[in-house]
Every structure is written in C-alpha cells, then in structure tokens.
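Next come two complexes, and both contain subunit A; in the first it sits with subunit B, in the second with subunit C.
On to the complex of A and B.
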C-alpha cells in the first residue's frame, strides 16, 4: 500500500471517527439533550436541501456577501490609489485609518440596525464597512511598492500620469489588492452571517437564529454544517481567483527547478 | 515650513479636525440617531466610569483575556503536535479545515443550546473560535521551518525538548504571531457576539439593550468603548509582538536595505 493511499485512508477514518463519536455522544450519554444525533442532523439537512426557503436564504447570503465585497473593492481601490498617490492625503488619513482598522463591524452593528432596520441594506453596509478598510490599506501599500526605477523609466518614455498609473502603478499593486481580496472574501461571508444572526438581516444567519430560538436543534446544526461548507467554498474560490487573475505577476510565477 | 512638518501637522490635525467637526455639527443635532457628542461623552462617563465598570467592563475584558489566553496555549500546543506527528495531521487536518470554514460567530448559538447563557458559554465560545487561526498558523509555521535548521539541530544532537523550544518555536514565531493577531480579533468579535445573543451582562449586551430600548446616547457610549477596546487590544499586541520578535523585524529590515 503506498503512502498517499494510506494517508487518504487515515484522513477518511478521522472524519468517519468524528461522526461516530458525535452519534455516540448524542445517543448515549446525552440522549434527549440539546445535542441532536448526526443521523437526525443529516436527515434535516436533506430536507433543507429540498426546501425553497433554504435556497432563497442561501442566495440572500451569497448575494449580500458579493454585493458588499464588490462595492468595497471598487471604492477601496479607488480611494487607495488616491491616498497612495498623494502624500498629503496619506498623512491626513493615516491616523484615522489606523484607528478604524482594528475595529470589527460588529461594533457598529447596533447603530446600523437602528438606521436601516433588519434589511438587506443593513447587512450590505456592514459587509462594506468590514471589507473596505483592509482593501484601502493594502492598495496604498501596493501603490508605494511600485519599483522607482520602473516609474522613472515610464516617465522618461514620456508617459503621462494616467498612463503610468494604468501601466506601472496599478499592475504592481495588483498582488497587494489580490491578497486583500482573498482575505476579504471569507470575511464578507462571516459579516453577512453576523448581520443575520445579531441584526436580523436576511440570509442563513437569521435562519440559525430562528432555529436556536425555536429550539430546533437538528436544523441549527444542519445550518452550521452548511455554513462550514460555504465558508470552505468561499476560501477555495477566492484563492483560485487570485491565482488565476495574477498568474502573470512575478510573485505568483512558479519557479521551475533548475 | 518644510515638508516633514506639513506631513506631521496633517497627521495630527486631520483626526482632531474630524472630532471637532463631529462635536460642532452634532452640538445642535435633533436627529435621534446622531445625538450631540457632548451628551454621548456624558453618558460614557456615567455608564463606564465607574458605574458599570466592575459589573460589565471588567467581566467582558476578563472573558476576552481568559478565552484568548486559553486559545493561544491550546492552539500552539496542538499545532506542534499536528505539525510533528504525521498520523495526527492526517486524522485532524480535514476536520480542522472544516471548522475553519464555519463563521466563528455561528458557533455561539450551538454553545448556547448546549450550556445555556452563562459565563462558561461565553468563555468557551471565545476559546474555541479563537483557537483555529493560531492553530493553523502554528502548523504552517513549523512545517515551513528551514530544512537547514533541522539538519543542524540533528547534527548537534539536540534533545527533542531543545529542538522544540530553541529551534522550532523561534523559527515559527513570526507565523504564530500573525495567527495570534487574527485570533485576537476573532476573540474580540465573539466576545461581543456572545454578549449580544441573549446575555444581560457585558459591554455588548449593554450596548444592544440600549439600542433596543432606544437609549441612543447609551448605545453610542457602548460603541465608543468597544471601539477603544478593539483599537487598544490591537495596539498592545503590536507593541508586545515587536518586542518579542525584535530579531525578526530587525533581520527583515536588514534584508530590505541590503
């Protein structure tokens, strides 16, 4: 038996083992308690997959995450280029951005819910707020990372400001923006869930809240399982998209063994 | 005036100007959502200094610190085991990646259903949610330890313990530190979320209760305090990190100038 196959078998054994332990704990020591057996959760999951309500809240969750992420990307990159290109802007915004960056969107959630109510706009704004700051700061860092020799070369070829921006500054800032986007995509999903769970916004977060408040434990666990898979998909897709769109950049090229 | 002085005054002046603007624009505000800053500060002092200081502020901070400390110790320890014992890695890797996909806040309803709304629930939620970033970063850090270092420590016949403490831990230090920084953010978010979901104690609960009972200035005071804690926690972490990893920061600077 080769090593790779054995590794795969052990990994599969780990998953099966975890499920068996879950089933055992839920049916023997904690029978009738708040922990539903895996079998019940799985049945609930298959029923969820057949219901239209589930798919519409899944669609809401994905839509809000992408709306927030997209608007944060556009505005973040534009602001980042502005701040990165003009020193006075950079110094004026430095302290404010540094202060706001470590503050998670959940802090302003009560205010945003108060203004917008439990709506799509509320969730969208929270996602936007949570994603835009890191994108701005990474874009600024990327703009500053542009090679000065290349910039001088471009200028000596007689390129104008916009041409330098489009051909030198922006391409060299791309990996920074790409990294920011890869980190922001799963974060957007998390914030959408938070907005639903704590703010009553549409989507899977609200479904989880309702399941917990109603004591419907199998569907609570089923929703969390779905979110785990959705989170993995978001991470995987954003990593793939980053590699696909930035394959031309030096830091992403694969080094061939000599 | 030289350029440096202009930049400095911009950096200090812009935030001050923003606060001054907030103060004057809101001073005659009749908008319910945006009360005058003076009233917010009054409520801030009345609530947090020191009426609810021990009952809520200290309680929240203690949960945050304790949960975070537990998460880092378990995360680093488990990370070492998973990185160095292949069987453990094969068994646990898929499970860890699945748990990583779940938005941390979505775990809070599960803990509420299992052990109720008490302090234990909040502590456990914070610990488990903050565990994964540190754990995954530790595994990555140890697996990327330079093979030359491993060979040297083998040649010098270092004991297992010496290898762990004197070779692997420092070599993986920068990775672990960045994982711990993410963990701190997650711990902070889950601290707030666990208080907002049906607890009556803590800064998060007070803030959400103020919002629900339409005491807008109290809500603003809560948001302000949470913002300050989020910022201060991150700042403190940066300071400690730069102290502990001074050798790494210095070597990176050297590499850049070379």
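On to the complex of A and C.
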C-alpha cells in the first residue's frame, strides 16, 4: 500500500514536471511562437468543456473508433477462426492478406475519401481496415496454438464441428485475440483522428484541423490534451477487459501469496 | 495365441480385430501397431499393460474414433467404430491438457453434456453425483489449474462419469498421482464399475495395478505392438487393497505378467 502510494506520487511528480517544462519552453525560449503556454491551453480547455460542439466532436471520435474496432473484432475473429481451421480458406486468403498487411490505412485514405467523402463511413472503414488484419492474423495464430489434446477431448465427447469451434477453439485462441485487441484499441483512436485530420471525417481530428487552419493554437493543443487522455482511457479499458476475460490464462492467474 | 482368447460369447461389447496402425504413409510410414486382436465383454474390467512407447495411447485413440485404423477394425456391439462412439468416454493421459483451463470444475463437467440436451435438473444431478463420487464437491467452483495433479485427474474422471458412458476408457489415469491417491482412485474405479455397471478398459504400465483392477489383462509388447498374452485374473471380489494384494494368488498372477514383459519379445 505504501509502495503503491509512493509510486503514485512519483508518477504525479512526473506529470507536474512535464507541465512545468512545457510552461517554461513556451514562455521563455519560444515566447511568442506557435506553442502556447500550458496555462493558456488549460484555460482554453475549460472553455471547450462548456461547448456543445466539443462534446459532439468527442462523441463522434469515440463512436467511430468503437464502431471500427467492434466490426473489425467480429469480422476478424470469424475470418480468423475459419482461415485457421479450414485449409481451403487459408489458401484462398493467404496471398491477399499478406499483400494487404503492410499497407498502412493512411495510404488508402485518399481512395476511401473519394468513395465515401468526408463522412463517418469513410472514417469507420479506415479504422476497420487498419484493425481487422492484425486481428485476423492473431486469431489464426491462436487457432493453431489450440492444444490438440483439448480438441481431441471435445471430439471424443461427441461435440460437433461448430460446437468445437465455438466452445474450444475460440476460447483457446482468446489469449492471442486479447493481445490483438489491446494493440488495436489505441490504434483505432489514432486512425479515427487521422481520418478527421487528413480526410475531413467528423470528430476531434477535424476539430484539430480547423483550429490549425484558423491559427487558434491554444485550442489546437487543448484538443491534443483531450486526445492524450482519451488514448489513456482506451488503453486502460482494453487492458482491463483483457485481464477480465483472460483471468484463467497462465499470464493472468492470481497466485495467492504463501 | 490371441485368437484362442477371442470369446464368441454374445456379451462381447468391444472387439478389436486385426487392428494395425501406422503413422505417415509410403517410405516414411512408421508402423506402431502391427496386429491386435482382443475383446472386452459387457461389464468387464480389462487392463492393457505394456512398456511406454509401445502404442497404448495410439490404440485407445483408434478405439475412441479419433483416428482411423490402418488395417483391421474395432467395433462396439458389432458396429465398426468410425467416429467417436456416443456410448464411450475417454479419460486422456494428459489430464491437465484435457481439462479446459477457462472453465471451472463444474463447467468442465457440464461441457460434454450440452449436446445431450438433458433437462437442466438432470445435468446438475449428474455433475453433483460425479463430483461426489471422486470426492471433489468442494472444488466445483475452482479452476483446474488451482488444483493439484491428483485432483485434476479426478476432475477428468468425474467429467467422464457425468457423461454416463456405457464404456469407459482410461489412459494411464493414475500415473502421476501419489501412492495414497492412487489406491483411492483404483478403488473408485472398482466402485464405479459396480455402481454403474460400466465396461471399463484401463491402460497402465503398473503391473500390480493391472492385476488388482482387472478381470483380464491384455499384455502388449514388442515393436510394432502385438498382444503377447491375455491373462485371466481370478481374484475374489470384492477386492481390497490390503487383503487382495497379500494373496499368494495375487503374487503369482503379477509374476506371470511381469515375466511376459521382462522377456525380450
């Protein structure tokens, strides 16, 4: 408990230190430059919190990230299980997936904007594209990692093919899927912002773009602060969710002190 | 000599007939089982003994319909086994890999019952009585990995019991438990045969255990595997760890089996 408290204090000290450095850099060496001091950014932030526009922009960002992440999770896991379990699926998709894997979502952004315009669908598709491939790949790896003895056990008790997939293969692959989701959650947020910043999609990305275009630097950095905190929340929630669903896995098992 | 022991009795439940199994094909084929023939009668307890690596697990996987035989066949009540038979349950040698780590003990027992579509009350009753039979009622909400090896093995046995198979097959079920637990599990085995009238086939490499448990011992040997002999064990029932094991007859039977295994094939 004491050690925990000390750790917390040190962390808080780190944050305060970073803020002080920001304040110093913005007011002394770079005074009058484009970087607003923390104080001005913070004032701007409090004003933002009172505006309805800010909240709807925040809601857009969260909604698009979650929609993209959720659809990528559902489709990625289903495809991953099929590809991992049935060889014809694997041979049919392998080349295409390997080709798409190294393409970052930003590369296809112009094309997607051309098709959908600066809309929610555009941003959603981009998030989906960026998240689904790693989820498929990890699910396939998880399926291959399933213990043959566990699978034989299920078969020996007369469980059918779909039942084995749903009740044994899927849970066996969960540790891999969990890792993929933990990485994908913050990525979904980043891609949503990029879709707004560069593609004009709704949300905080577009707000940042507009603040920059209008030369409103305090408000630009206030948005950046909000994004930073949102990122922390995404990461925290996905970690917690992973820990919750995988409490049984060797890496999370609670070992009681002797 | 194996043929001499094939009973033409109408009560034969499980028949293994000229069964052979190789892994791989062509030049790389590895013949594990050459030619096995034996039968198990209804309600009988039969042990299979043989050195490790002889192909006991391979045989059981064929019997459980998990892999096809290369030649010959196994059948239940005259029906050739081509997939997992519904009246059979198999307790695996690797019990810790056979239990699902994401499910509690009770849910591990429930899992195979799902597709039987039993009324909830009956499924619950089966789990309760199976857990009680192995003395693990108190551990139903724990996860397998929170239990000792012997307890995990008992969970795997309880799962098979809850399934209420007519034929129970166990692969070295007591190999990794301490002596005391081992005696308890052996007696549990005798008790479930009595209580549920099951036909039980147990693989073991422990000759004393085989003689103590069985009505007949199938001795496997040589590579690829063959039946060296089928030994009838006539020890009085009910068997008891202390009195049965101290009978002169027990010593004679185990010496019989041991000399078969010791002799180079």
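The rule we apply is simple: the second predicted complex is superposed on the first by the 237 of 258 C-alpha atoms of A that agree within 3 Å, B and C clash if a C-alpha of one lies under 4 Å from a C-alpha of the other, contacts with A are read in each partner's own complex, and residues count from 1 in each chain.
We take it that a contact is a pair of C-beta atoms (placed from the backbone, for glycine too) under 8 Å apart; a residue touches a chain by one contact, two chains touch by 3 or more.
Remember, it's a predicted structure, so these values are computed and weren't measured experimentally.
Judged by the touch definition given at the top, the superposed model places A:163 against subunit C, while subunit B stays out of reach. In the superposition on chain A, contact is made by A:15 with subunit B only, not with subunit C. By the touch criterion stated above, A:106 is placed in contact with subunit B alone, subunit C being left untouched.
When the shared chain is aligned, no partner comes close enough to touch A:28: not subunit B, not subunit C.
Touched residues of subunit A, counted separately for subunit B and subunit C, are more numerous for B. Of the two partner chains placed by the overlay, only subunit C lies in contact with A:152; subunit B stays clear of it. Once the two complexes are overlaid on the shared chain, A:5 sits clear of subunit B and of subunit C alike. On subunit A, the surface touched by subunit B in one complex and the surface touched by subunit C in the other have no residue in common. Looking at the complex, you find that subunit A touches subunit C at residues 147, 149-150, 152-160, 163, 167-168, 171, 174, 248-250, 253. Interface residues of subunit A facing subunit B in the complex, by the touch rule stated above, are 7, 10-11, 13-15, 17-18, 34-35, 87-88, 91-96, 99, 101-104, 106-111, 113-115, 189-190, 193-194, 197-198, 205, 208-209, 211-212, 215, 217, 220-221, 223-224, 227-232, 234-235.
Those residues of subunit C that touch subunit A in the shared complex are 61, 64-66, 84, 86, 88-90, 92, 94, 97-98, 100-102, 111-112, 114-115, 143, 145, 163.
Contact residues on subunit B toward subunit A in their complex (touch as defined above): 6-8, 10-15, 18, 33, 86-87, 90-95, 97-110, 112-114, 185, 188-189, 192-193, 196-197, 207-208, 210-211, 216, 219-220, 222-223, 226-227, 230-231, 233-235.
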